[in-house]
Every structure is written in C-alpha cells, then in structure tokens.
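Okay, got some structures for you below.
In the two complexes below, chain A is the common chain; its partner is chain B in one and chain C in the other.
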Partner chain A sequence: MPSSRTLIASNTLGSNASSVTFSSIPSTYKDLVLRLSARTTASSTINLVVITPNGTPSASFIRLRGSGSSASSSSSTGESTWYTGLVSGNTATANTFGSIEVYIPNYASVANRVYSTFAVQENNNAVAYIDNYAGLDSQTAALSSFTIYDGTFSTNFVAGSSFFLYGLKNS
Partner chain B sequence: MTDTPTKVIVDCSTGEQTVVPLTAEEIADLQAAAAQAEQDRLAAEAEAAAKAAAKQAAQDKLKALGLSDLEVAALVGA
Partner chain C sequence: MPDTSTEVALATTTLGANAATITLSSIPSTYTDLRVVLTGTIANGSGNTIYLRFNSSATNTYSTTRMYGDGTGAYSSRYNSGVDTRQYVTEYVYSVPYLTCINVFSYAGSTHKSTLIESSFYDSAGQGKAERTAGLWQDTSAINTITFSLNGSVARFASGTTATLYGIL
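The block that comes next holds the complex of A and B.
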C-alpha cells in the first residue's frame, strides 16, 4: 500500500458545469484517488456519477448498495463508463451534496485496470444511499486523463461541487 | 439544460483550470449519450420488472402446491 499522498489537482465549480476533466495526469505515482463532493441539477433526489477514462473503456462492475432500510447487489458488463455511485440530485434536501471516493491502483499500467468506489448520497429524508462499486476496465492504455459526468449526461454538477485528485507513492 | 453547457478542464501538469462552452458537436455527443443512458435505464427497469414478475409467479405456483408463506419465503426469499 502506498505510503504518501499528494494533491495533484483540484477544482471547485464556480458555476454549473456538465463535466469535469482531469487531463495530463502525471504517470509518476503508483495509485490515484479521486474524491468528490457533488450535487446535480437532475430532477430527482439521486444521480449516478460516472467516469469516462481516456479511450473507450469496456468496463464491468459489481455493486453493493444500502439504502438505510434495505440492501441489494447487482452486476453489469460491457459498460462504456465507470459507475462510481450516487450523489444528491436537485430534489434532495437543499444544500446537501453526495461524496464519492474512487481508488485506481496501478493507473499507469497498460494491463487491465481495476477501480473501487465508496459513495454516500446525502438526503435528510426517508431514504439515502450508500454505494460500493468494484470495476474492471479492459482497455490497455495508461490512464492519463478522465472526465466525470452525471450518469444521465443531461444535467449539470452545481456550483460548489468539488473534485480532488491525489497521487499515491510508495515513498 | 437551457443555457449552453460548459465543461471544466483541469490540466494536472500546469494546474491551469479552464471553463469551456461545449461545441455543437460535443452537445450532440452529450445528447446521444443521454439518449443511450435513458435507453439503458429503461432496459434495466424492464429486466428488473421481468425478474420480479417471474419471482411472483414462482411464489404463486409454490403456494398453489400447498406451501405456506413461510415455506415459500424460505425457498425463494420474501
């Protein structure tokens, strides 16, 4: 497990935006960690967040989800994005944001890439969600950029949403 | 989205952050992705509904054979 963590870049949205891209990611780290706090303009309490890494992925994943009153699991293959979890949509409790952490080990490797996520959607109501995803992406290019979208590709991340990319090293 | 959507690009090598209005082509790509996402969502919902219906049908058949609700739940879940 890498022992040091460095903030590579971050962004806090000053206005609504449809996507956030981290480009020219240096290949000098061992692993990457993306942490985000986001809310979207979707007309729902929840909104999936997805990542499109460089190139066209063919990703598969398994998911564990808890809603506070129940739990479920599912899986999928042949996805063109990385599913990461749910954040708050526009009808969730005002000013609440969802939080997601994405861990990408060996991101500079050209072998199949794995990722894992932990997401908590905030909502001061009867139901809120916790999501865990574990995914495999079979594209074989080193990860040098990725873009974060809402999973419907039709709404915005709201101003105040923040995105932090960390690099982890062994020393 | 009624206004022209924007994207944020963070260049990790320089730290530069830019907010860029999407081009017509990028908007079209986004709309195509949105349509595909909606299609995928509907397909997933249909699959889940079909599974739920099949489960209910199986439970009904087991009950018709004389199993109690508790016994059916033990076999196929509540």
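The block that comes next holds the complex of A and C.
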C-alpha cells in the first residue's frame, strides 16, 4: 500500500538566506506538514519564525510556552503572519538548531484555516523553549504558496538550515 | 516522487450531516502505531469535550495528563482511571475549526498497554486553546475500534468534520 505522505519540496540552505519560499503547492493533498530545522543570525539566543502565506492573512493565535522553569500562555489577533515558534539565534550554543513542525489541515479549502505548531529551541543554558501555537487565518484564499521568515524580517537563516514540505493524502 | 515514509491512510470518515459520534472500526493489527487526525467544528449545545474510547470499552481504564494554554494562563490537570480519554477542543465558539491529532502506540495487542500522545488546537480571534496530552489505556487488547463522542446531550460533530486514520509501520 503506498505511503500517504509525500515530500513535495525541500530546501537545505547552502548559504545564509533571509527567507525560504514554497510556491506552486499542488492542491491534491488533504493536509500539509512543514518541518524545519533552523538557526538564525539574530544577536540573541532565540528568534521567532513566522510564515507569510499567499493572499491577505488575517491571523490570530493562542500560544502555550514552556521555558524549563515555568509555563505561560498568550494570544494575539490581527496578525499578518502565522507565528510558529522559536529557534536558536546566533548567541545560542554553537551549532544548535531549533526544530518546528507546522500542521495545516484542509489547506486547499477556502474556509477559516486552522494550523498548529510544535517548536523546540535548545541551548546549553538553564532556559530553552518549547512552543505550541494554535492559529487561525480567516482569509479565504486557498493556500498555494508561503514564505518562511525570521520574526524580525531583518536577519538570516544560517547555512545548513533545512525545510521540508510534505503532503498528506487521506486515501 | 518516491514514497519515503511508512505512513498509510487506512480510512477516512467525512460527515455528511451532524453526528453525535464518529467511529473508526475494523482497524487492522498489522501496523506498529496509529495516528488519527480529526478536524472540523462543533454544532449545537454545550459540547466542549471530545471523548475517545477504544473497542467501546467504558471501564475505568483510561488516564490522561493534560497541559494547555488559553491565551492568559498555562495549566495542567490529571484525569485518572476514567471511562474515556478527554480532549477539550472547543468550549463556547461553535463555528471555529479545530485540529486534533492522536498518536496511539502499541495498539496491536501485546504485553504493553497502549499509550497516547494527543494534541488539540483551536483559536478564535485570540481565544482558544493549545493543548498537549499524554494518555494511557490500561488494557493490552488489540485496538480495533476508536470512537469519538461529545459531552452534552445535544452537542454534535458538525457536517464536514473529517476523521482520518493512519497506520504507521
């Protein structure tokens, strides 16, 4: 029986890059899964990763975060990007990358789009983060492309960062 | 493009009308783990909790530890020796889509009791929940049926709700 999960596209950076784009996403799957391993050039131990989908996003989210010593939750509305979680910045332990999985069900539909994320940021320090986002994008454009940025839109993903987009079928 | 994983869609149920339960049955025991992806909305009444049962068993054999955030605080709770596992996917916003993913390990019957990792997400203009749950079914029987239901007598899974079952080798 064939696998239901197919690698649509991937990008492992050969040099630093400010963003990564997946375009011309086929509408033939039911769900999408994005997995990335990334580190940025930001002058901090952590850096938010965001996604800008095609269309005119109108997004909100609930965030559940653990830091190793406490847990917290926050929310936001009126966002033009999808928040996904934290990865390591340039002052985190050398060669340490963060990992994020984003799950997007029914991505080809034009109804309100829910997404979820699970992100881990490691650092040889007392503080490192786990993020979980529940997001909603109320725009009605079907998802056909998106671009991944660091949350400041001013630093780069470092060489070696990798991005994998999978399509999931339900039959 | 070659297949690169061992994840196979076994069954999909898409509701054509509102329903009180969703059942995935005749699950083969030929995989190592199972995964269920449940997406949709809740219709009617005060349905704020999705219940899950294996093999229609309503004995006190389910335990869950839950951690969630609602935008203002982070919380954890424990539900021990209950008659089902519990996922809190929506409370008062009935038209908001949710996403629940459930991984079931060692489901095919062995000396290992089945363990679960569940995640549920929904958001409505900054009100909602992000939730992770670890669970245990204190039974070594092979799981051949998974049933989802809702609390509240009038709550329903809304038409269009989809449940997809994957087998993972």
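Just so it is clear, the second predicted complex is superposed on the first by the 168 of 171 C-alpha atoms of A that agree within 3 Å, B and C clash if a C-alpha of one lies under 4 Å from a C-alpha of the other, contacts with A are read in each partner's own complex, and residues count from 1 in each chain.
Throughout what follows, a residue touches a chain if its C-beta (ideal position, glycine included) is under 8 Å from a C-beta of that chain, and two chains touch if they have at least 3 such contacts.
Remember, predicted model here, so these are calculated numbers, not experimental data.
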(message) Contact-wise, after the overlay, does A:Phe61 reach chain B, chain C, both or neither (first, second, both, neither)?
(response) second
(request) Would you check which partner chain A:Ser24 touches, where first means chain B only, second means chain C only, and both and neither mean what they say? (result) first
(message) For the overlaid complexes, name the partner, chain B or chain C, with more touching residues on chain A.
(response) C
(request) Go through the superposed model and pick first if A:Ala142 touches only chain B, second if only chain C, both, or neither. (result) neither
(message) Contacts for A:Ser72 in the overlay, against chain B (first) and chain C (second): which applies, first, second, both or neither?
(response) second
(request) Using the touch definition from the top, say if A:Ala108 reaches chain B (first), chain C (second), both or neither. (result) neither
(request) Please identify the positions on chain A that touch both chain B and chain C, taking each partner from its own complex. (result) none
(request) Under the touch definition given earlier, write down the residues of chain C that touch chain A in their complex. (result) 1, 3-9, 12, 37, 39, 67-74, 76, 96-99, 101, 119, 121-132, 162, 164, 166
(request) Flag every residue of chain A that touches chain B in the complex, lowest number first. (result) 8-11, 13-26, 41, 147, 149, 151-156, 163, 165
(request) Give every residue of chain B touching chain A within the complex, in rising order. (result) 1, 5-15, 17, 19, 22, 30-31, 33-34, 37-38
(request) Provide the residue numbers of chain A that touch chain C in the complex, in ascending order. (result) 1-7, 30-31, 60-66, 70-77, 103, 105-106, 111-116, 118, 132-136, 168-171
